[in-house]
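Presented sequentially are two complexes of chain A, the first with chain B as partner and the second with chain C.
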Partner chain A sequence: MSDATAFAARGRTWRRLRRNPMMTLALGVLMLITLAAILAPVLTPFDPYETNIRARLKPPGDGHILGTDSQGRDLLTRLLYGARTTLLIGFVGTGFGALLGGTIGLCAAFYRRLDSVLMRIIDVFLSFPSILFGLSLAAMLGPGLDSLIFAVGLSVMPGIARISRGAALSIMAQDYMDSGRAIGLPVQRLLSGYLLANAYPPILTYTTLAFGDAVLLAATLGFLGLGLQPPTAELGSIAAEGRSFLFLAPHVSTAASVLIFVIVLSFNLLGDALRDAGDRRSV
Partner chain B sequence: MTDQRPFPGIAFRLAGFASAAAIACASAAAAQDTGTVTIGRTSDADRYDPQRSSALAAAEVLYMIGDTLVTLSSDLKTVEPALAESWDISEDGLTYTFHLKEGVTFCDGKAFTAQDVVGSMERWLTPDGPYVSTWKAGTVDSITAPDDMTVVYKLKAPSSGLLYQMAQFNFIIIDPEQAESLGDDFGVTAFNGTGPFCFESWTPNDSVVLSAHEGYSWGSPALGNTGPAKVDRVVWKIVPEEATLAASLQAGEIDASYSLPAWSIAQFDADPSVTLLQPEAAFRTHYLGMKVTRDFMQDIRVREAVSHAIDQSAIAEAIFFGTVEPTESYYAKEALDYDPSIDTAPFAYDPAKTETLLTEAGFTKGDDGFWQKDGTPLTLTYYGFNTSREQAETVQGDLRKAGIELNVELYDSTAIWAKLREQTYDLYQMDYPYLNAGDALNLYFSSASVPSPNRMMWEDEETDRLLEAGNSAVNAEARAEAFMALGKHLHEAILWKPLLLEKPTIAIGPRLVPFEPAGISGAAFGTGLNLELQ
Partner chain C sequence: MTLLTLTQITRDFHLRGGLFGGRRVLRALDGIDLEIARGETLSLVGESGCGKSTLGRIVAGLQSPSSGEILINGKPALRGKARARQIQIVFQDPFGSLNPKMSVGALIAEPATLHGLVSRRDAPQRVQELMRLVGLRGALAERFPHELSGGQRQRVALARALATEPELIVCDEAVSALDVSVQAQIANLLQDIQKKTGISLLFISHGLSLVRHISHRVAVMYLGRIVEQGEAEQVFANPLHPYTRALISATPEPLPGTGGNRLELEGEIPSPLALPSGCTFRSRCPHATERCAAAQPPLETTGHAAACWHVDSLPEYAPRQTTPPERMRAALDLYRSAAARRTPPLEETIN
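Coming up: the complex of A and B.
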């Protein structure tokens, strides 16, 4: 593939992406939620930590758009701050997982001798369901933001490592890799300029899909009580907290769960759209 | 007296409750036999052996299938005869002679004699055995049976609380021969007792089935029906989910329960088909302990400041939906040997006093609204149970409003006990049952109990002296005097922030006749002798 055709493919991908309405919608929703989460302190007049226990579990309306939670705090405010935490864990965790997994995958493809060792290690990671893996890690490291991010990152890492290796292997078979080697390019140039530059589309697609999983895992750990300690807002723990009042004040759990659902769904739609658009076999 | 308390109305009505009840109803289609009472609860015991369990889940069943030598009146202040018809105590308070009731039989027909009492006690007090709560028996010298109807219980040191402790379920008389032959299976596959009900079967985490003990007639007259039981069978059914348990009661799948969530009790108060019952006296206090060895907490003014910042009545009203009462003393004012002259003012919610006290103690309020001293912010650490997340958050919120930052760390019930032995926290959450002031004081405050359960790290000679004086008192006056003085001394030291006083609330469905619940150990169904169908 020459540079010219690569550019053409890239342009085609982008055009196809823009034509996909689901993708536009998902991206819009995600940007909106992310923006709202970042701007939470500006958007809401309420303090996310100020409790007013006597005004707890109020239904939506009456000054509080989504009502109040079990401590009498404004639920919408809690959700915005909760989305902040959850998205932060999702982004940083996936970023960490992608970096680690991508490096492992590329190295495995590039240094053939390392391949079987690295991939067996990845197999060990893959043999644990990600929820069990996350649970044990979070329990081992104790509650806290860093350990949650670490747990989420390690859980998404093996999948990314697999995909990167696969993508990199097919690039390794290309003639230009051999010619690069033949003209004596340094290893780092081969790795980044040749291998990564051409193998990244499937990695990116998979990583986008993994965002959804990461957010879901973060929320699940929070729901199971392995998340952050109070009063930090986190979507999963808000849903868990509301669960005891499902009959009495269904809005608390429902609102938190719907928000998690929307975030995860949007990431999945985005990932799907990216995959479809990047699929070069169907021109 | 049967206490049917009103509960404050809550903001809005149960939405999905009716539909959940309808679902539960369908599964309850198989109606019960006419003589069976089904009691719902959320957790099971590991075994039904009174000497090897300290769980309420074991106590509540064991009180129905076994008897103790003595029991307590419903205000928990008077010792009443049970298997022992009468007793004498020697002048020096060391020898108790129990005269047993005639005609008492075990479920298998075997006659009950003094040998069974001696055998039960011997098994329980075996050194290094797997048996729990043996401290309740006092420092036993010997327990002998001069004849079939007399037991002589000799102590090495007087124990003013012994007779009260003897009403606890650990003192339930077992069949020593059966315990010997069954070994580890005792209280698992079978239990031969003298109680108003007989142990029929147990399916762990599902149900315990009891049938009425034919010919039972030796119940305590002070507690209502003396026997036989008015129902044929009692089934203790496990329903692990609280919300499902509440729905099962509405659907008639269970007849009664006291493991219901607070929100549902508030609902049931408005439901004419459900009656709520509470015992006259049953003591369980929720408190926050303060570690007096920590940098900030060693200053009594800081402890009082913290105490004034927390609003226990808001916790009672909001989190417990008014099903518990806020309290300002370490143990209930109605408990035996409580000194009414104790000054409870330091335990009242009064955030203004927090300001004054912290200023006095040399703290200044920073621009961020938080107190600090010499540049160190007043930040405290709180250890609590992860099942009480809401209460922890409320305490955290209250302290935040008062300018004190609280780091909350919550642990599950398996991990917390080890964490509580550490010296890394300032406040901890706990609740405990007790019979009277002496019982409460003995558990927590002696220097011998450092570091656990004396997690306050309270080492004080005066406390130890008064505790010893109260325990070795040979008459009620001397005991009351010592325990009252000790109670006052400990309240003055501000070691706890008392929060709530909890009594079990039984909710009964339309099939049962309202009865007076029992108070001992919080096992509100008591012997089950007062259970009666409409």
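Coming up: the complex of A and C.
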């Protein structure tokens, strides 16, 4: 029965979400893209790395749905594998950023002594444009999946830290935090079961929005050549590669860019819908 | 037997006065001496901002005093989990004091299992016992706080406080936010539980009507100091301190205009940042003299005593006239007949 009540509350949010058609569309598109990216090896008969000089820059159709790129590789296959990499960077990077930023935000609100120190550090992070910040980090750490994820994570972290601190501060002012302390709960339980359990909705919303930024940043770094090195398929670098043949074969860059656009837009729509549906004062 | 002894408790808050203001110190509590015996209800009364909640939070271990000593059962008070086992607190706002993500059962079981008083397996049974003790239906254990009424929530908060089997519960305005009828229910419940378990209560309130009804002893606070204390009956029957007299006189009368002359205080409460010298009440006291400005009057900690230099020379206490019962009855009859004339008969309302 307790599950049922919790379920009912969750059901309300869910219904409110479903009433928003844009959000259903965004979620559907994202699920479709993610699924296609995961199932890429099953979905396409082509190898994303095998080149074919005789079939270079073919326009869409004729065996290749989206045509081929400058090395004669099937573009759709490249995009699917590219989406794999880009989404992986986005997901893991944002996850890392949310974990770090969330912890910093919650600690700043919980330990008031740490607050000003932590927040001044976050201010320093925030004062760099995230593109510039990601760029310099990626350049410093050198190319590679790990350093890309790290750069993306650190770029989204400060925003999440801010939001978490704000959300946690409003919960800290509630009597039930004192009630938890009064019964002698250990700090970790206060932080997770009391503070995070009640402060998470705005953090989750913001993190969803940050996914979009993270994917865009990953693609941007790829486009600028600071991401994964060729021949690794990555949406940003595919778009960059196609740029050299923009007049000869516009489909390469266009297809990659449209895919990036659709992913980022969907994340933003999803985040907006989540905010509208879930950001009421929690029951 | 003494359960809790507070000696010279002082609590300062450091305020930063803007960019160039420098630091200022607000003394919220100034040299509080207080004792609570086992099985006793001590009420702490006073205006908002007099420091009574701060004192309650210090007793419950949610804040530490700036100086002074807290003894529980004659030993220096411990902190954290050990204190939680001895002293619990119930807050004013029943809508904010329960974690909304936890069911009633989980809220009540949490302290009991945390302190190892029941095993996880026996917890549901203990929850049922505690819910029965505070007068809640057992079926409510599955509910979440937002599904309950204010009175029910306050009962849950009480059950949660009782779950650690404490020796003292601080009730920080625990009934002030409730409807008047529910206030009486909760107050009676507190008394019942005290009879059954022998628990001590520190009852913090700004309303006097309930205090008189439920407490054994009363301590009156004004601006961080206790100005009068004693047996509840004595304090209410013969208040010694001018402030206590004014406070009792300010209790609302059921029939306005019938209560006789009311003793009204002049002026505002002084800012706690700029307290008057000597007796802090002298700026509003009708009996103040030079002596009151010179030094702070001491307070006896035993018996019925007031911190006032003029205790012996104050005019005899004349209790305010309360509405005589026959006037009250006449007024009620008048009101009922007027109300009956105004309300159209039931049939008319339906059609």
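Definition applied: the second predicted complex is superposed on the first by the 269 of 283 C-alpha atoms of A that agree within 3 Å, B and C clash if a C-alpha of one lies under 4 Å from a C-alpha of the other, contacts with A are read in each partner's own complex, and residues count from 1 in each chain.
We take it that a residue touches a chain if its C-beta (ideal position, glycine included) is under 8 Å from a C-beta of that chain, and two chains touch if they have at least 3 such contacts.
Everything quoted here is computed from the prediction, not taken from an experiment.
Chemist: Regarding the shared-chain residue A:Gln174, is it in contact with chain B (first), chain C (second), both, or neither?
Modeler: Second partner only, chain C.
Chemist: With the two structures laid over each other on chain A, which partner does A:Leu185 touch: chain B (first), chain C (second), both, or neither?
Modeler: second
Chemist: Quick one: is A:Ser244 in contact with chain B, with chain C, with both, or with neither? Answer first, second, both or neither.
Modeler: Only chain B is touched by A:Ser244; chain C is not.
Chemist: So, does A:Phe128 touch the first partner chain B, the second partner chain C, both, or neither?
Modeler: Neither: A:Phe128 stays clear of chain B and chain C.
Chemist: Between chain B (first) and chain C (second), which does A:Ala197 come into contact with in this model arrangement: first, second, both, or neither?
Modeler: Second partner only, chain C.
Chemist: Is A:Tyr49 touching anything from chain B or chain C once the two structures are fitted on A? First, second, both or neither.
Modeler: In the superposed model, A:Tyr49 contacts chain B only, not chain C.
Chemist: Under the contact rule defined above, give the chain A residues that sit at the interface with chain B and also at the interface with chain C.
Modeler: none
Chemist: Where on chain A does chain B make contact in their complex?
Modeler: 49-51, 53-54, 56-59, 70-72, 143, 225, 229-231, 241, 244-250
Chemist: Name, in rising order, each residue of chain B that touches chain A in their complex.
Modeler: Touching chain A from chain B are residues 10-12, 14-17, 20, 242-243, 246, 261, 263-264, 311, 314-315, 317-319, 386, 389-390, 392-394, 396-398, 400-401, 407-410, 412.
Chemist: Can you check the complex and tell me which residues of chain C touch chain A?
Modeler: Per the touch definition, chain C meets chain A at residues 57, 60-62, 80-85, 88-89, 91-93, 96-103, 105-106, 110-111, 114-115, 142-144, 146-147, 157, 160-161, 163-164.
Chemist: Considering only the defined contacts, which chain A positions touch chain C in the complex?
Modeler: By the definition above, chain A touches chain C via 1-2, 5-6, 174-176, 178-185, 193-194, 197-198, 282-283.
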